[in-house]
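Several structures are given next for inspection.
In the two complexes that follow, chain A is the common piece, with chain B as its partner first and chain C second.
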Partner chain A sequence: MSPNMLEIAQSDVPAARRTVLEVKELKTYYKTRLKEKVHAVDGVSFALEEGKTLGIAGESGCGKSTLALSLMGFYFPPLYYSSGSIMIGGIDIMQLSKEQLRKRILGREIAYIPQAAMNALNPTLKILHFIEDIMKEHRPELTKSQVREMAAERFRTLHLSPDVLNAYPNELSGGMKQRTVIAISTILNPNVLVADEPTSALDVTSQKAVIKLLKELIGKKFIKSLIFITHELPLLYHVADDIMVMYAGEIVERGTARQMIFDPYHPYTKRLMGSIIVPEEGMKAHKLAAIPGAPPNLKMAIDGCRFADRCTYAADACRHGKIDNRTAGERVYRCIFGPGTLKEWYASEER
Partner chain B sequence: MKNADVLLSGTNITKVFGYGKHKKTAVQDVSFSFHEGEIVSIVGESGSGKTTLAKMLMGLLKETSGEVRYRGKPRQLKSHADRKKYWKDIQAIFQDPFSSFNVFHKVEKLLTDCMKLQGLKLTKEEQFRKMKEACSFVNLKFEELHNKYPFELSGGQMQRLMIARIFMLHPKILIADEPTSMIDACSRSTILDMLLKLRKENNMTIIFITHDVGLAYYVSDTLYIMEKGRIVESGPAEDVILNPKHRYTQQLISDVPKIHEEWNLAN
Partner chain C sequence: MNAYTKYFVKKSGWYLATLLVALVLNFLLPRLIEGNPVSTIASQVSQGMTDSDSIKKVYENFMKEFGIDKPLIVQFGIYLKHLFMGDLGTSFGLYPRKVSDILASAVPWTVGLQLPAILVGWILGNVLGAVAAYRKGLFDKVLFPAALFINSIPFFTLAIMMLYLFGITLKWFPISGGYDFQMAPHFSLEFIGSVIRHHTLPFLSIVLVTIGGQAIGMREMSIYELNADYVLYSKLLGIRDSRVARYVFKNAMLPQITGLALSLGTMVGGSLICEIVFSYPGIGTWLFTAIRQLDYPLISGCTLLIALTVLLANFTIEMIYGIVDPRIKAAQMEEN
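Our next item is the complex of A and B:
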């Protein structure tokens, strides 16, 4: 089916429920110099609806960033694709050639802000140059002055000074650079924006400015959906509609932001939420939860639950076989125990 | 904490970089007194002069005016021997563990250097035992690590190795410059646990330099809030965070996303 036909077929679906991105059983791996395979993303499935913000949380090395790269089809060695499908706007991107992917998908359907976005700008070129570069590829009919006009207009709408366009990247502060990168990468109004740790290197004041900008992009419909990757849970609580927690290449739980923060099911999510520190009353009395041990080695095949070695509640049954997703209401989590049992444990722990 | 001895104090410390037109005052008229066994946090946004202040405390930068006193006496930092003596008592861990270690030295050498700094004359076995003890304190396996170079370790391992150094040196004062800003929330808890355990063991003073208001509130007894090189508010952590008086402190706290309160994005 051609993408156009899909668009017509989908327009009957109410806008709020239309899926913009769907990932099924995605598996990708890194190949090390010793020819070992590190299975960084190991069977991830999820769907993102239009108008929603999806947060992805997890500790360092759990595969958050690799998942983001894989979504974009950025398969450059040492990262390789193994299996699974990625549907963006109804198109399976794994069926496209690199050229088609770059022309049709990247920047238009899905845009990406890498982790060190602040260093993504060539310091010898003015900001406007990056926008001209994108336009040359995607909108060749526009003249230089039209591009300049358009860029200035977009910057004004986003409450960024149009003077930034004539600045060199090193003249801007860290927070401003980050906001500029976001403005540049969304210039073609992509459906989905994938932001990988966009605020981790910033202080709280600049962080707020970046979040404001992202919310504005959604509010003004420049982007339709957002995938926000971070390990800062209080931030995710305010930014995301849904939160997905990743552990050792798998998604262990998904729920709404409120459910995940206040009522986690999976033992790993529970521990992760226990590590939150916020400047609020009563925080000092709170006992910080550190998770003992380290995540499993992703080079080897893992039998049973990946969290079992670090889990206080692990039983023998956890250590063997494949642990499937368990559904409770609209919640999905990867654990063999029911929500009742888990909640009883958590309650007795607090007593 | 007020009744404990004052360990490190400063009066009207100012640091100016550059001359004439390019003059930049990074730290201006800062006064403080840190007590023995106290945990202090210096909080401020990027560019507020936190790290410059930390470097002056370490004796890595010379203050333009003002005076830092250690145990009530002005510091002697003129000769290398003086500085070495000072660094026996005051140590630091930095934000980026990758750039804090000499990449040409193996882990074993990095740890034996600590003992050299202390001036200890130990046999090989004793050295080995001490290093093993320090590594097991931070959940590292010395047998696996001692023959490796820093770049062969992961970020978390290096951060823990830095704490192992502190464990061996037992300084009186530890300056932790953004110790957790590069790591995730889980490892942050582990690192904090270790630092607090260390502090309990030898009544160490810890000075946290951070922009993470939540962390500062959670760990410290006393807070100093810095804005544009000045300390705008200071006091017990509870008072400063729960009843901020200064406009900047109020702004800073409202900028932090919390989980039981709305996050106001409008201002």
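Our next item is the complex of A and C:
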């Protein structure tokens, strides 16, 4: 990342604190063809405050994308809802009917940017016509010309050419398509925007443009808060205020971006940071280390800490019973060891 | 000249070139078949004659009359000259009937049989395929294997089985012809009824195969489109299911439209087997008869008609497709 991206990150001063999204003990699972349940999101709880960007990181298959989809309250086979609540604007969206959810929540309160934004747009529909279709659902009182005016205005504000509106998706470049998808997703000023790997398929220049756009959306209050999901931890340092690390369907640690990157507590976060290729200051001294082993099979109930089998510090106590969250200041992490013990281990490792 | 006009002109050029090649082949291929049409005809005419000189004279007369005593290249020149004047020549087998008259009498039968059958089969097949993909469950579990089964039976087998079952065993429908033999074509309820009764069995056989093929294609396309990312994205923006379904089926329909245009193009040629099995008086039956009699002008006439319809259908699809699908339009522009 370049230094000016850091500036964007730091110039963004969060406003008054108010919770816009609160998730409690959310459990969702996939049903396989053999009727087995894969618990991809297994008891996730967190709250998101207004003006904040929350980063969610983790390796492939940890449940990040499933969590993103689950947050929308919209479930379709093979993904199923098991239990838990998702509160947006004082409403538990899991209590709504499908039709109420569609009319009141989707696109209005919470919006989504899919992982492969390249294919997120219908290839035979012009951008404007797609926006018209969205407005027919949520703002039926607007005329076509009002919608056109509104969309053009929003595109101009976000430094996108209004000409894009008359284009078909295939006429746009990858980066442009991604920014267009972001502009479309936020056109109704949703409280929460869930972005699932929005930059993963892009080159560095386009990545920068996308991140700038996301920052701008918060800055201009078009969205109240952002959930940014990625496997690139260092990217989150520039984007997120807080970072959550997910492992095997659970949140293992949450803290501020700075804390999580430079001073991780949970052994998994520590290992994750150690396995990243980043030519960045303060981080270049470390050797690249892969995490041995593989994540546990989520089809079965897991006793004890889910990371125990891959953790070098695992003790017998780690392998039995429920591992509770520990709170240390703003930090929450799921491990039986205290910060002091962990830090000592990490320090001795580096010697 | 804008890019699309340029594309249009360029494509037209290619299609004209293709037509020229087709013309040469139409002329040449029948004449490469072993045998001499005149010897059969001459032997029929000269039955009872004993004088070998007069037999030879009859033979030579016919050779001259049909113009096949000249070298091939000269014959081709004459053929082209007549063609440009709209004359397809005179049939050998049905001498002295004009080829264009024979074709004109046959085309309504072929088109009348194929066009409604293909359209009905195409519409039903696409609706069934789309519903199977959308509803899944039992409907899909029954329809899909059934469509596969019907589609896997060779058409002539299916046609013969239907003919045997409904025509010969159950005697529900007549087994051959376009109308009852004792009738002359005229406008009366009785005649129309007869035409419809003769029409039903070949019509149903074509509808059945068309449904099978179309339903399989539409089902696959719809399943592919239903799983496309834009479906999820649109739904997560609160767009109602029925509108998303419209996106899906419009996109799934595009290749199916090509299929329809192509089958309409091959309609005239594709009717061969059906018309032979049901002895239906269309182009296919005439082409079959012409080949057996080595009736060069009639063969060339039939194949020319087939080539023309196929080319025209393809050309129309390419032109229309560019307007309907922006991705293809972009690809067309790049070609220039």
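In this text, the second predicted complex is superposed on the first by the 329 of 351 C-alpha atoms of A that agree within 3 Å, B and C clash if a C-alpha of one lies under 4 Å from a C-alpha of the other, contacts with A are read in each partner's own complex, and residues count from 1 in each chain.
By our rule, contacts are C-beta pairs under 8 Å (C-beta built on N, C-alpha and C of every residue); 3 or more make two chains touch, one makes a residue touch a chain.
Given the structure is predicted, the values throughout are model-derived calculations rather than measurements.
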First (chain B), second (chain C), both or neither touched by A:T327: neither
Which of chain B and chain C A:K208 touches, first, second, both or neither: first
Touching partner for A:R102 - first (chain B), second (chain C), both, neither: second
Which of chain B and chain C A:I261 touches, first, second, both or neither: first
Chain B versus chain C, judged by how many residues of chain A each one touches: B
Partner chain in contact with A:S145 - chain B first, chain C second, else both or neither: neither
Which superposed partner A:S348 touches (first chain B, second chain C, both, neither): neither
Which superposed partner A:E137 touches (first chain B, second chain C, both, neither): second
Chain A contact footprint on chain B (complex, rising order): 45-46, 154-156, 183-190, 192-193, 211-218, 237-238, 241-242, 251-253, 255-261, 263, 265
In the complex with chain C, residue positions of chain A that touch it: 72, 74, 102-103, 105-108, 111-112, 114, 116, 119-125, 130, 133-134, 136-138, 168, 170-171, 181, 184-185
Touch list for chain A against partner chain B, complex: 58-61, 173-174, 202-208, 211-212, 215, 231-235, 237-238, 261, 271-272, 275-281, 283-284, 286, 288-291
In the complex, chain C residues that touch chain A: 228-230, 232-240, 243, 247, 250-251, 254, 324-327, 330
